[in-house]
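Two complexes, one shared chain (chain A), two partners (chain B, chain C).
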Partner chain A sequence: MTEIILFSLFALTAVTCALGVVFHKNPVHCALLLVAVLLSLAGLFIMLHAQFIAALQVIVYAGAIMVLFLFVLMLLNVRRHEDVLTPGAAKGFGFLFALIVFVELLWVALSPGGGEQGSVGAPAALPQEFGSPAAIGRILYTTWLYPFEITSILLLVAVVGAVLLARRKFVG
Partner chain B sequence: MTFPFPVDASLSLIEPLLIVCGVGILLLLLDLVLPHGQKHLTAWVALGGLGWALIRTLAQWGLSERGYAGMVSLDNLSTLFNVVFLCSTAIVVLLSMAFLKREEVEHAEYHALLLFATSGMMMLASGLDLITLFLGIEVLSISLYILAGYRRNSDASNEAAMKYFLLGAFASGILLYGIALVYGATGTTSLHRIGEAIAGVGAPVPEGLIYAGMSLILVGLAFKVAAVPFHMWTPDVYQGAPTPITAFLSAGPKAAAFAAFLRVFFIAFGPAQAEWDMVLGVIAVLTMTVGNIAAIAQTNVKRMLAYSSIAHSGYVLIGLVSGGLVGGTGAVFYLMAYVAMNLGAFGIVVLLESKADRGEELKDYAGIGFKYPLIGALLSLFMLSLSGIPPTVGFVGKLYLFGTAVQTGHVWLAVFGVLNSAISVFYYLRLLVLMYMRESQETLPAIRIPLAMAVVLTVAAVGTLWPGLFPNTWFHAAQESVRSIFS
Partner chain C sequence: MDLATIIEAVVKVLIVLGFVLMGVPLIVWMERKVLGHMQDRIGPERVGPFGLLQTIADGMKLFFKEDMLPAQADKVVFFLAPGLSIVTALVAATVVPWGDTVTLFGREIGLRITDVNIALLFLLGTTSMGVYGIVLGGWASNSKYPLLGGLRSSAQMISYELAQGISLVPIVMITGSLSLSQIGRAQESMWFVVPQFFAFVIFVICAVAETNRAPFDLAEAETELVAGFHTEFSSMKFALYFLSEYANMMVVAGVAITCFLGAWHGPGPIPGVLWFLIKLSLFLFFFIWLRATFPRLRYDQLMGFGWKVLLPASLLNMAVTAVVLVMKG
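== the complex of A and B ==
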């Protein structure tokens, strides 16, 4: 019972705030609502026994990355409160297709076979140290070694690109 | 010292990938020590790295191994595609030399990013897991966004990068959502285990969730190969990006996305082919038709080749829909053919254009056939091959593709394919008519073909003609590569 109450609390906050991020017109408010989304997601992670991921979510996303977001917003000094959605037909089509996808996914999630018989849901027994930094570190450097290493190439490419595109002027 | 955990990490398995990444990092360091004015030397280092990786890749032909917890596969498919990627990147490095000098943007980062993009393609072609697949796509795409915007003082280039980035990020999000749904349904991201779960080995899986995930993955991959209706970015990005990068975009990354397509849809979703082959068939027809018809209306050569590239994705999709060994072979053979003839065509475009996007309009090609007989003859060869006229590789590829469609009972696909080839003849040959039958408006300057360009055009011309006359080697290679994913 507690689980259902906690889940509803975090899930509803996440969805409501996510809608707020999309529909709010003031970018700073959007960013703050995004913090609320990320924090409720951290709550959901804890309920999935992933305490370490939850802590990282709070420190990295809700903390560091959001500070950068807000920095950029304030540096750019965005004050315009205009409607950011494209008016007219594009808006209508956008809503229509979003609605279709939403109904479709809802139907898939609720259709029989979505819950009991499949492998959806928590496995019966979790290993003792599931979700601990030690366990995550171990699989990161054994099973998931290859994806972990190629992620570093990904980050390197992103850094090189940011420097290349943002450098004021090519020297020489 | 002994390692406390068993680590399944064989370096020889990913040797070419390591060489390409290593040389990419070396280039970034070289940038620090090379004085200004000497940066063009990085191109030769990049070429050396690519050549070394190519030699090591060729030595891997015939090997079949898996490693890294079953996430990486070294088989003939990954080896063949690695050869295609390394060759096409080397050709693009050669193509870029004159371009970078003319635009005064010679920097080590350019070649480093080309190599990182190549490493992303190699990750894609060898990945047996949805996670590695996604990371490969991201390494590739992020390098491409940056390269598309490489000419920062050009508005068109900035627009291309921005559009590509926004739409690409969105497509990656959709792909990732699909991966999450499939993981939710099957509890695994391994392609083979997803395939087993769908085939009904073990506990039953929620079908609705799998098909929803499959459709989202299909959308994500269709965006990367520029299939209709996810092709909107292609013309603007191809036109705005620096021309050597446009050539790059249309060759390696497209082949890489198709390699991922092959693995995901043949291994993971293979048991559910009855569910996806109609969807993919309709996408193939739409892609061919929209690409070819829109190409007719273009006045800019790069834009025309962009729509032609969309149309060619449609032809390759016919092979995927036909399925199995024959269909896969047709798709891989056609990809190799497309990469060769298309790089040749773009080589000519790079050669004929001049600073600040001049010489990219169709009317600029008026009268060049007699003024530059060699360039005219080569461009004619590539255009004939793209439209599928014998004795070129484009003809053999199409013949085989449409043949497999008929063999596997997809006659309607073959009919649409042939009709579309007929439409495409119109705009490819229009370029020839312009070259040989119109007078030029202005006096044409004499053109000297630089050595690097001569190498590119020779390789592309040989790649277009030789397999057109003797297709057996390529055909055998394509067949062996597809056979290796079924074993």
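== the complex of A and C ==
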């Protein structure tokens, strides 16, 4: 019972705020609503016994990345009622991708066995230390070592690229 | 969940909240007194014995001040921001242990509100949410000084959060736990400040920067930004910002004590809780001492120091600790 109440609370908050992100006029309010979405997702992660992922969600996404978003919005001073995505093509692509993701999710939910995996709460038999930092660390550095390292190289490339782009103005 | 558990939880929450909220006027008084004497003045002395009631009087005064709302300010966010600040500060206080377990009425009671197994991450998470209170306060005021103050502090807090988090990693590697009470227990024979002195220094510097205290109080540099992010806040909204700054000081001091200075352990027959309180007061005194001693840094110096000195130093310290731990087996 508690599980259903908590799930509805987090899920409803997430969906409501996500709608707010899309439909609100003020960009800063949109960013704040996105923070609320990320926080309620963290709550859902905790309900799935993934405390570590939940903590990372709060620290990295809600804490660091969204603060940077806000930072940029404030520096650029994007005004209210201003259409941020002016090019029509960008809008079209946005709708297209949203549609694809929606169909995908629908397909997973309706496919046989999908309902079971997507049901509220965790499967009956979970290992004792499921979702703990130690368990996730072990898996990352054994089974998924190559994808993990490749991701880190990808991020490094992005950082170096960003620095290069930012400095070009002053050097060249 | 039986009745006793609920009573225990309520009592502990009341103790911690009461301690933090009652502690703030005392710290403010201490700050004014200590600063006064360090600057060859007397400090507050008129209200109450030794001026002890000065902060209470100031609080009353703030309570009766007019609550101003700047023109064109974002009403909702302006209202929300100080609340976010104080809530994150108080939530962070829930995981700081102030003693080991005691047995009372036949029940084993852990001296902390909650002992989550990822307490350290929980703490980093709440402090990173605390940035919002300041950034949004600065933005919602619709005024240039607060906006600049808010932007500065957000950049500052993100930068120093990194080094602060990484300086705590060696402690986690040594104890093999993210739980603050486990970390506290592991320091019975030796405080972690001895093997991890560099991490301690890095953590303390970052802690000062995270709480926006001098010499890192760029967010509210009076000489250039009037009062920074809280320029437009008056009455209780200002008081909430004030309260959360000092509550954050207490939390950060509590974390430093738990992770490096032996938590509630100490020599002699003094009970652990008392040791914790003694260390807390000394640490807060240290904060004030810093403020009286150092001039404020320039903004670019501050960012350069965080990214070019503290972050590499903390990464190096982590790597060295890892190598040593592996060699020890």
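Going forward, the second predicted complex is superposed on the first by the 128 of 172 C-alpha atoms of A that agree within 3 Å, B and C clash if a C-alpha of one lies under 4 Å from a C-alpha of the other, contacts with A are read in each partner's own complex, and residues count from 1 in each chain.
Throughout what follows, a contact is a pair of C-beta atoms (placed from the backbone, for glycine too) under 8 Å apart; a residue touches a chain by one contact, two chains touch by 3 or more.
Only a predicted model underlies this, so the values are computations on that prediction, with no experimental measurement involved.
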Partner chain(s) touched by A:107 [first = chain B, second = chain C, both, neither]: first
Dominant toucher of chain A (residue count), chain B or chain C: B
Which superposed partner A:62 touches (first chain B, second chain C, both, neither): second
Which of chain B and chain C A:70 touches, first, second, both or neither: second
Touched partner set for A:28, first chain B, second chain C, both or neither: second
First, second, both or neither for A:12, with chain B first and chain C second: neither
Partner chain(s) touched by A:140 [first = chain B, second = chain C, both, neither]: neither
Residues on chain A lying within both footprints (that of chain B and that of chain C): none
Footprint of chain C on chain A - complex, ascending: 26, 28-29, 32, 35, 51-52, 55-56, 58-59, 62-64, 67-68, 70-71, 74-75, 132-133
In the complex, chain B residues that touch chain A: 5-9, 14, 21, 25, 28, 36-37, 39, 68-69, 71-72, 105, 107, 109, 112-113, 116, 119-120, 123, 129, 131-132, 135-136, 138-139, 142-143, 145-146, 149-150, 152, 161, 184-187, 203-209, 211-212
Contact footprint of chain A on chain C as seen in their complex: 74, 76-77, 116-118, 121-122, 124-125, 128-129, 131-132, 135-136, 139, 147, 150-151, 154-155, 157-158, 161, 165, 178
Chain B contact footprint on chain A (complex, rising order): 104-105, 107-109, 111, 113-115, 117-120, 138, 141-147, 150-151, 153-154, 156-158, 160-161, 163-165, 170-172
